[in-house]
Amino acid sequence: MGEAIAFYTIAAFVLGFAVLVVSTKDTVHSVLFLVLDFLFVAALYVLLGAEFLAAIQVLVYAGGIVVLYLFVVMLVNLKGLPEEHRDPHRRTKLGLGLAAAVLVELGAIFASGYARPVPQVAEAAIPVVGNTEEVGWLLYTNYLIPFEIVSMLLLVAMIGAIVLAKREL
Amino acid sequence: MADGPVKDPGPDGPAGPGRTPASDQDAASGTPASPSGAAPVVTPASRPAPKPAAAQPPKAAAPTGPPDPPPPEGQSPPAFVVALASALPDSVTQLSYYVGDWTVIIPVAKILEVARYLRDAPDAAFDQCSDVTVTDWPARPQRFDLIYALYSIRHRHRVRLKTMVAVDQPVPSVTSIWPAANWLEREIFDMFGVIFAGHPDLRRILMPEDWQGHPQRKDYPLEGPGELLMENPIDWLKLRQSRDEADIE
Amino acid sequence: MFDTNELVLNMGPQHPSTHGVLRVVLRLDGEKVVDADVVIGYLHRGIEKLSENRNWTQIILLTDRMDYVAAATNNVGYCETVEKLLSVEVPRRARYVRTILCELQRIASHCLWLGTHAMDIGAMTVFLYAFRERELILDLFEEFCGARLTYNSMRIGGLPLDIPSGWDKKVLEFCRIMDTKILEYEELLTHNRIWLERTKGIGVIDGPEAVAIGLSGPALRGSGVPRDVRKDEPYAAYDELDFDVPIGSVGDTYDRYLVRIEEFRQSLRLIRQATEGLPEGPIVGKVPRLIKPPAGETYHAIESPKGELGYFIVADGKSTNPYRFRVRPPSFCNLQGLPRLVRGHLVADVVALIGSLDIVLGEVDR
Amino acid sequence: MIDLFIIPLLKIAIVLNATLVGVTYMVLLERKVIAWAQSRLGPMRVGPHGILQPVADAVKLMIKEDITPVRVDRWVFTAAPIISMVPALIVYAVIPFGPEVTLFGREVTLYIADINVGLLYVVSVASVGVYGIILAGYASNSKYPLLASLRASAQLISYEVAVTLTLVSVILVAGTLSMVGIVRAQEEAGVWFAFIQPLAFGIFFIGGLAETNRSPFDLPEAEQELTGGFHTEYSGMRFALFFLAEYANVIVVSSVATTLFLGGWLRPFPSVDALAFLDIVPSWIWFLLKSFVFLYVFVWVRATLPRYRYDQLMRLGWKVLIPLAIVNLVVTGFIRLMVL
């Protein structure tokens, strides 16, 4: 019962901040709501018993990535008017299109989720308490290839960023 | 000084003829100075003249320059002066020796040549321009004494160059020879209004950029624009207004 | 302000590390200084003009107000110039006391320099240490002439008063204390890695160029030019005393620092010799009651803590005030080299370089 | 009920108050120690030997006018000091001041919580603290604070990488992420980790100095050309919050260093039985003593060293500390693999 209350409260905050992220006019405020959103998502993880994930969520997303967002937003002057475009409703159309796509996706997930029962194996794989060791084992055994691919991807992105940023090497 | 005594006939060369024109000049400028006072030499453009001449008359006759005494008998000038006189003819108009200091008086046109020679000649090697300054003698037609105090680090000797400059007469800048003269010349421009031709950055340095007049001239009142307010309030108001406008810009 | 266009940054005149009312307008490319324009004159009091309207004795106290952290040195320079014009012989005792005062003043001025320079680079303890020792010197001066900053401690022809009894013992005691304190400063800075990183290779200038842009004093000697007025054109009692002129090798901020630290020691050496060998005798030469030098002009230079302090004085032989009174201020001429020194360095180095030149705005602006 | 609510709440109250008092006295300690280093007396007027100076400071800061400049971003401007203060305080939740003790017949642990990712919690919470600085710079709507805050946060993030890497090598040695577990691991090993991981200890200390913007890395705040740093526009209590947050962070770094490297609440040389008489001293006193040594060293460093230039600071972080930390990590991992 208490868990359910906590979950719904946190979920409401997550959704509320998510709405604020997209609806706020000031970009810096929007980034700040994003941080709050991430913090509440981390709280959700704690609720699920995945403390490791929660800590990593705060450390990497809230403490790392969004700081970089904030740098960019603060340094790039976004107060100027958006440039003229031939189709003024371009963004609305794009947004509607994306929203429709997300809706379809969600529907598909719901449909498939209800279609077949959740396999029992998955239940066991989720650690009962936030088990750091378990996460480590999984990453280095079952998910080794994706993990390595992701790290390569990040390396490539980093080198690309350095090349772009540094004009003369 | 140590390498001086070789040439004895030398000193008479530059000093002999140099002495006469200077004393002539003293006599010549002395007589017209007394009736006219400082009035004709006040710069017309630079400043709403706050009637400085009024302050001058109490003194009987304005001095017209230092005596610049010639070297006493038996005191032979340093070798580089002799060499300078022979290397650049007409460059030394007078040679003076007073309380141990040698002063070479040169014509304005020769400043750059003399300066370059004194810097580059191995027996002179005046690599340090200690000071550049001006003495104002308002009673004289060539009113400014422009003085260069030079020092040679290699030979450890000093000499002063001196030249006489009239108001609004451009003087070649020696910044190309001694970069150290840059600010010193700026200060002279600021304080006396001597214009240096070829100076890379001739701006006021100590006084504000929009200052009127040149404070260290002898005819400049001791109390600045306040004096102007007492004597000519309209001019003072105009001055203040122009300054305010400059501030706003 | 983060694009690659040049950025103009204004430092001063109200800025904690410009040592007074100096204003430096920096043109930056990123953090790198492209050019600097030094704006001075905020403290201009027209001392030269003022002096031309005061009598010869009154000027001594105006010279106090130029390099106000080395007032006694200014006094000595002025008095010696006038003595030169008057052709007055200064008694030997007076010359010795002048030497002691000048060297005490040099240590006081270098203490102030060391403290503020280190403070600019962030070493706050050195600041208080250096000021602690400067206090001792100020006490000595207070005992000698009653003032702690602007001494008015010379008279044309000699000294206003003889040294108080026991003063020389106190001076020697101070020398003993100072010897150990210099080690303290050195311990905190000389081999400190951060200090080395902040000062080595910063503002490098070689000897000939330093001469050309008009540096003098420790700033010039840091570049390896053995130019010291005390040695080259001895005044006061320097020709009778034994001392070395320290010079640097590279000409960077660190060398200028080392030179000044060594000058502490040489000054102490001079003070010891002069105090121990202080001759007896009168303290004032034969000076007329009304000082009125004969018409003539002269330039006389002494070695102030900042560099060559020159006085160019013209007497007209008639009035009781100088016709022309001109000071060659070492800080002014050294400051001229600042744009050359800061070019290519970072903004934080500008602060270090201003400190390294050791300027006093009272003297720059006069 | 008592175990679930009352005791934790009491502990939170005690730790929070102790921290805040500790922070204010940290300021006094700093002033006094620096004064002694500089042959001065420091604060002497308020109370005997200035012992009440923190109270006077607090009263002064509270009754000062709290100015909000006109063109600032109000919400962010108000939130920034809070954002920087809160992480500094909630870190104390996982810091073990001692093991279990028996109080009034009840087992009480001398820490608020022992979560299994304790160390990670410390790191992640500390990483949120950077927002306070960035937002203060942004919200002030002024050039110098903005520049200073960018510098400060860049510095913080860079050094966090090195510090976190050293923490990983400690985790490798201890085999746990729990703060209590790390202390217990040192008890079992019979030696403080400072001796097993001296390099990590050194890097952690230097990184700690940099992360708390302390001298010789205090240039975002004291660099002469940046005037006051990111809190230039702040006054009154809001400024005090930044001030407190800085010192709270210093205490956090000291506590964490004590826990990880100096054996937390353990007495010196826990494996030497001959020193068993030292156990008379309560464990939490040992903890406080060790932290105090750290605090003292922090102040000492400030009194001694000049300041780095910004580029030198970044070079030190990226080109020296991070490579060293990585090497240390790899070597530690290798040895660990060999031993086990």
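We just call them A, B, C and D in the order they show up, numbering each chain from 1.
Throughout what follows, a residue touches a chain if its C-beta (ideal position, glycine included) is under 8 Å from a C-beta of that chain, and two chains touch if they have at least 3 such contacts.
Because the structure is a prediction, the values reported are computed rather than measured.
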(message) Measuring between Cα centroids, what's the chain most distant from chain A?
(response) B
(request) Report, in whole Å, the distance between the mean C-alpha point of chain B and the mean C-alpha point of chain D. (result) 67
(request) Measure off the straight-line distance from the CA centroid of chain C to the CA centroid of chain D, and report it in whole Å. (result) 45
(message) Centroid of chain A to centroid of chain B, CA atoms only: how many Å?
(response) 78
(request) Provide the C-alpha centroid distance between chain A and chain D, rounded to the nearest whole angstrom. (result) 30
(request) Treating touching as the only link between chains, describe the layout with one word: line, ring, star, complete or other. (result) line
(message) Taking the top-of-page definition of touch, could you list the pairs of chains it picks out?
(response) A-D, B-C, C-D
(message) Which residues of chain D touch chain A once you look at their complex with the stated criterion?
(response) 73, 75-76, 115-117, 120-121, 123-128, 130-131, 134-135, 138, 146, 150, 153, 157, 177
(message) Show me the residue ranges of chain C that touch chain B in the complex, using the header's touch definition.
(response) 40-41, 44, 46, 48-49, 53, 84-85, 87, 208, 211-214, 216, 225, 227, 232-233, 295-299, 301, 308, 310, 312, 314, 316, 318-319, 323-324, 326, 328, 332-333, 335-336, 365-366
(request) Going by the contact rule at the top, pick out the chain B residues touching chain C in the complex. (result) 59, 63, 66-67, 69, 98-101, 103, 127-131, 133, 135-136, 147, 149, 151, 153, 156, 158, 160, 178-184, 187, 191, 204-208, 215-216, 220, 222
(message) Can you tell me which positions in chain D touch chain C when the two form their complex?
(response) 34, 37-40, 143, 215-216, 218-219, 222-225, 227, 302-312
(message) Under the definition above, what is the set of chain C residues touching chain D in their complex?
(response) 1, 9, 11, 15-17, 31, 118, 120-125, 128-129, 132, 188-189, 192, 194-195, 197-198, 346-351
